[in-house]
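Each of the next two complexes has subunit A plus one more chain, namely subunit B in the first and subunit C in the second.
Up next is the complex of A and B:
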């Protein structure tokens, strides 16, 4: 009974944590720029404003369904991530299923933006899917290294096996670095923000989205921020024993990511993919080798 | 019935109060006014603390910032951009060029008064307005939104024929 209740409340929890992390990020970026910065709840205000627009422009059925698929897939992905003491849906889908489901959101957005007919949107989608090809490879190698180490694909067991500072960050630093770079790419921060790139393709897939559509996309994005940080926390930072430690660790991930995000310029798309297939993949393969030779 | 009306009014008031804290601007930079915007949105004056951030497409934006003079060619684009934006939307006339033509008062190619063609909510006078004046203009717009007086977009819908006739006179559409 409690399990089911938690299952229903988890997407809302994930949304608010995502909003908090996003707001924290904006504030931190501002402080690094030596600005005062927006209030912590600014992303929430943005979403309220977008959802309260009086008119909407639609370009067709798929255009409307795109954001819905994005939010729906994000909620589904959240449910496959374990929380401290709660297995969520992990008995029904393991790491491999999770890596498959994580992609659905981007595909939904690609389908929706494709119908708008705007050339900037098409370029943005092409870039998003190409970039995905780049960061998925090190992510999957890094994930499977843990599978080799523990002999299981269950995300909840990953969390319990790392309890008491047996974090993979310390035990398998190479794999953790590769996983971090891959997760960072999935977040689309600088230098991997070729997808939205406002100066080049006018926010890419979102170019024709406004009003309530964009509001839905921003809700989905907040949940995505939660997913990426929670995924890294569970795999490499040893999960957590209670919810506050969990959020604190996610905050740590966001802080490190923001430090990188504020100082880097932007890769061209082919350079980004070349980077992903060269350095993180090499590091991840090295980590895999170490686990094979060194054993568990 | 009265209760429902009161509730609706309260709802709109709360919404306006929240909405004024998040304004995304589309800066239509055709003229020299653009040069005052980088200091306004970066470290020194930091417009983001009011929730004002620059955005790149007309679909996502709330404020249309018309910086400087508008000639007949750019007016056509300006009207298209304004009509692409989603209401509630606000127009800010930036600099004296949008008020009476400024130093282009006798030019044959320049449109002198912006509010004949688009409903302007706030004017920022000056040539050039400093970043402080720009921020003051934003604060005024926020106050107007909070009081429910920034109704330019509604005016445009109600007086559509008037604005269209004025635009046709210049553009020869």
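Up next is the complex of A and C:
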């Protein structure tokens, strides 16, 4: 009973954690830029503002459904991530299934943006998919390394097996680094923000979205921030024994990411993919080799 | 009523001949006649459910009885192929409605179905060879009725089909003389004690023949042009039926006739598989990755599908050649699933070509408002192709991935997973360039395809959804086929898989339900808020530029041009080029030989005299000629 209740409340929890992380990031960026910055709950205010717009523009049914699918699939993805003491839906799908569930949201978003008929949106999507091919390679190899090491694909088991201080960050530092770079690319932070690139393609997929559509996209984005950080936390930072440590670790991931994000310029898309296929992949392969030879 | 296997095989042929005669009366007579004969095999097959028949003798050749038989695997595939033939026939009627070739096309179509049944039912190496070559011949005729380049495609196809035929014929003849029999059982018995080189050579000769038909690299060269230039209904058959026939034969020969035990006995085991199977795994993996990357940069809708089809058969080969219960289940399930979703894609693209007259992606766009049914069908199909739950492609790929994990092969798993991500790129390109983006002015009058033409895509879409959400339905047949091949079938339930060694539990209906729950929440937020106002497709942000209907910014040509830049260094390594170099080499050699055989009588006489002199000299000196 408690488990079901937690399951239903998780998306809301994820949304607010995501909002908090986003707000924290904006504040931190501002402080690095020596500005005062917006309040922590600014992302929430933005969403409320967008959702209460009276005028909403639509380019067709798929255009409307795009954000809906994005949010719906993000909610689904959250349910497949374990929480401390709660398996959530992990008994019904493992790491491999999770990798594919994670893609549904991007697919919906891509279809919606495609129907707008704006070339900027299409270019943004083309870049997003190419970038995905880039960061998936080190991510897959890093994931493989963990699977080889622990002999399981269950996300909840990954979390319990690292309890204490047996974090993969310490045990498999190379794999963790590769996994971090890949997750960082998946978040689309500088220098991998070619997808939105405001100066080139006018925020890419989002270019035609405004009003409640954009509001929904921002809800989805907040949940996605939660998903990416929680995914990294579960795989490499040992999960957590209670919910506060969990959020604290996610916050740590965001802080490190923001440190990089604020100082880098932007890659061209080809170079971003080449980068992913070169350094993180090599590091990940090395990590895999060590695990493969060094013992299970 | 009791139908014999020979009757099932002859039903479509008989129907085709009747329909051909009926076409003298009226087209409708022909169409309905043949439709009835395409539905009949379902009823005839029904009595063979759960039966294994091995020795239905129908002919005696060289003192040997040729036999037909049916088992769980061929039963499953003949049901599937009957369905696809039926749907492709409905499509073919529309595709050829204005063509004069339609009567002949239907006749050839009927022989093709008969020959496919023949290969599935054959229980000896001579019958399967003959039926297999009938397939190749008829496909050759059918391709010629396609697009402008189809005659080039015909040549390429028949060349490769002949290479395969000759290589298989050599093995057939060799085994017949050694074993003294054609029957699968006798051949299998002979091979179990045969010397290692004989086993290896015959195996490689057979596998070359099968893998050419399955368009596995490096034997795929004919496939892209043939798939792209053949008529659309024939492309469906090529990808969903003929390719699967090749893979069916591969399965039967590897697991049932040669057998994994035989391979384990004569060669070392690598990663829990005999060496030759391990090599085949890598061939499958390379087919996946190269096929996917080439598909990404294509500009022709049917070429994308062709390369995608090549890549997907890589998954099947990879799964099958793992040789574990999980891998084989994944491979067999992917045979079924790929036939279904690639069928949808070819039907939808064919429908778009039927209405717009082009398969060039950069000329299309924005058809979603004109052809919504086609759009939904293609949406389901691309989700399945990319292997995303809850469509059917997900389950079979999932099994293959888990099988790779079980065998502890991280490199192959990486390649397979990366191929999955790459497939996401080309399927999005396909749906974007056809249905999304801006609608060109010339297609403003385009209508949805006729209702009967929607039937094939809708039926297959429903199947894709059903098999995706309830994987237990296809697994019922697959596990029986697996038991026939001598494996411990993996455990399954209607909704997915329970926890078992090497396989994490999976429950697709729960994933779907959670997805629907998420959608409902999001849709509630969306539709309870103020209504939207529809605007024209040009009412967009173009950084201050004002666009008209005539000058458009539609991002469609060179969709992944930056990806093209990344893989450009590897374009030099094309397999086509290796073959072209080989052809050049043969031409050079031929050129030298032509200088001797000039066609001039004096040259021949002088050549004869020279050789005679040499021989006489050797004889005079005292050498022995032979």
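Here is the rule we use: the second predicted complex is superposed on the first by the 296 of 296 C-alpha atoms of A that agree within 3 Å, B and C clash if a C-alpha of one lies under 4 Å from a C-alpha of the other, contacts with A are read in each partner's own complex, and residues count from 1 in each chain.
Keep in mind that, in the parts below, a contact is a pair of C-beta atoms (placed from the backbone, for glycine too) under 8 Å apart; a residue touches a chain by one contact, two chains touch by 3 or more.
The structure presented is a predicted model; accordingly, all values stated were derived computationally and were not measured.
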item	value
Partner chain(s) touched by A:214 [first = subunit B, second = subunit C, both, neither]	first
Contacts of A:202 with subunit B and subunit C, given as first, second, both or neither	both
Partner chain in contact with A:22 - subunit B first, subunit C second, else both or neither	neither
Contacts of A:129 with subunit B and subunit C, given as first, second, both or neither	second
Which of subunit B and subunit C A:53 touches, first, second, both or neither	both
Which superposed partner A:228 touches (first subunit B, second subunit C, both, neither)	neither
First, second, both or neither for A:33, with subunit B first and subunit C second	first
Partner chain in contact with A:154 - subunit B first, subunit C second, else both or neither	second
Intersection of the subunit A residues that touch subunit B with those that touch subunit C	52-57, 202, 207-208
Subunit C-touching residues of subunit A, taken from the complex the two chains share	11, 51-60, 62, 64, 67-76, 79-80, 89, 91-94, 96-97, 99-101, 103-104, 107, 110-111, 114-120, 122-123, 125-127, 129-130, 132-133, 136-137, 140-141, 144-145, 147-148, 152-154, 202, 207-208, 212, 216, 219, 268-270, 273-274, 288, 292
Complex interface listing, subunit C residues touching subunit A	366, 368-369, 375, 379, 383, 386-389, 394, 398, 401-402, 405, 408, 410, 413-414, 417-418, 420-422, 424-425, 428-429, 431-432, 436-438, 496, 504-507, 510-511, 514-515, 517-523, 525-526, 529-535, 537-543, 553-556, 559-560, 562-563, 565-566
Residue ranges of subunit B touching subunit A (in the complex, touch as defined)	15, 18-19, 21-22, 42-43, 46, 48-49, 51, 55-57, 59-60, 62, 84-88
Touch list for subunit A against partner subunit B, complex	26, 30, 33-39, 42, 45-46, 48-49, 52-57, 198-199, 202-203, 206-211, 214
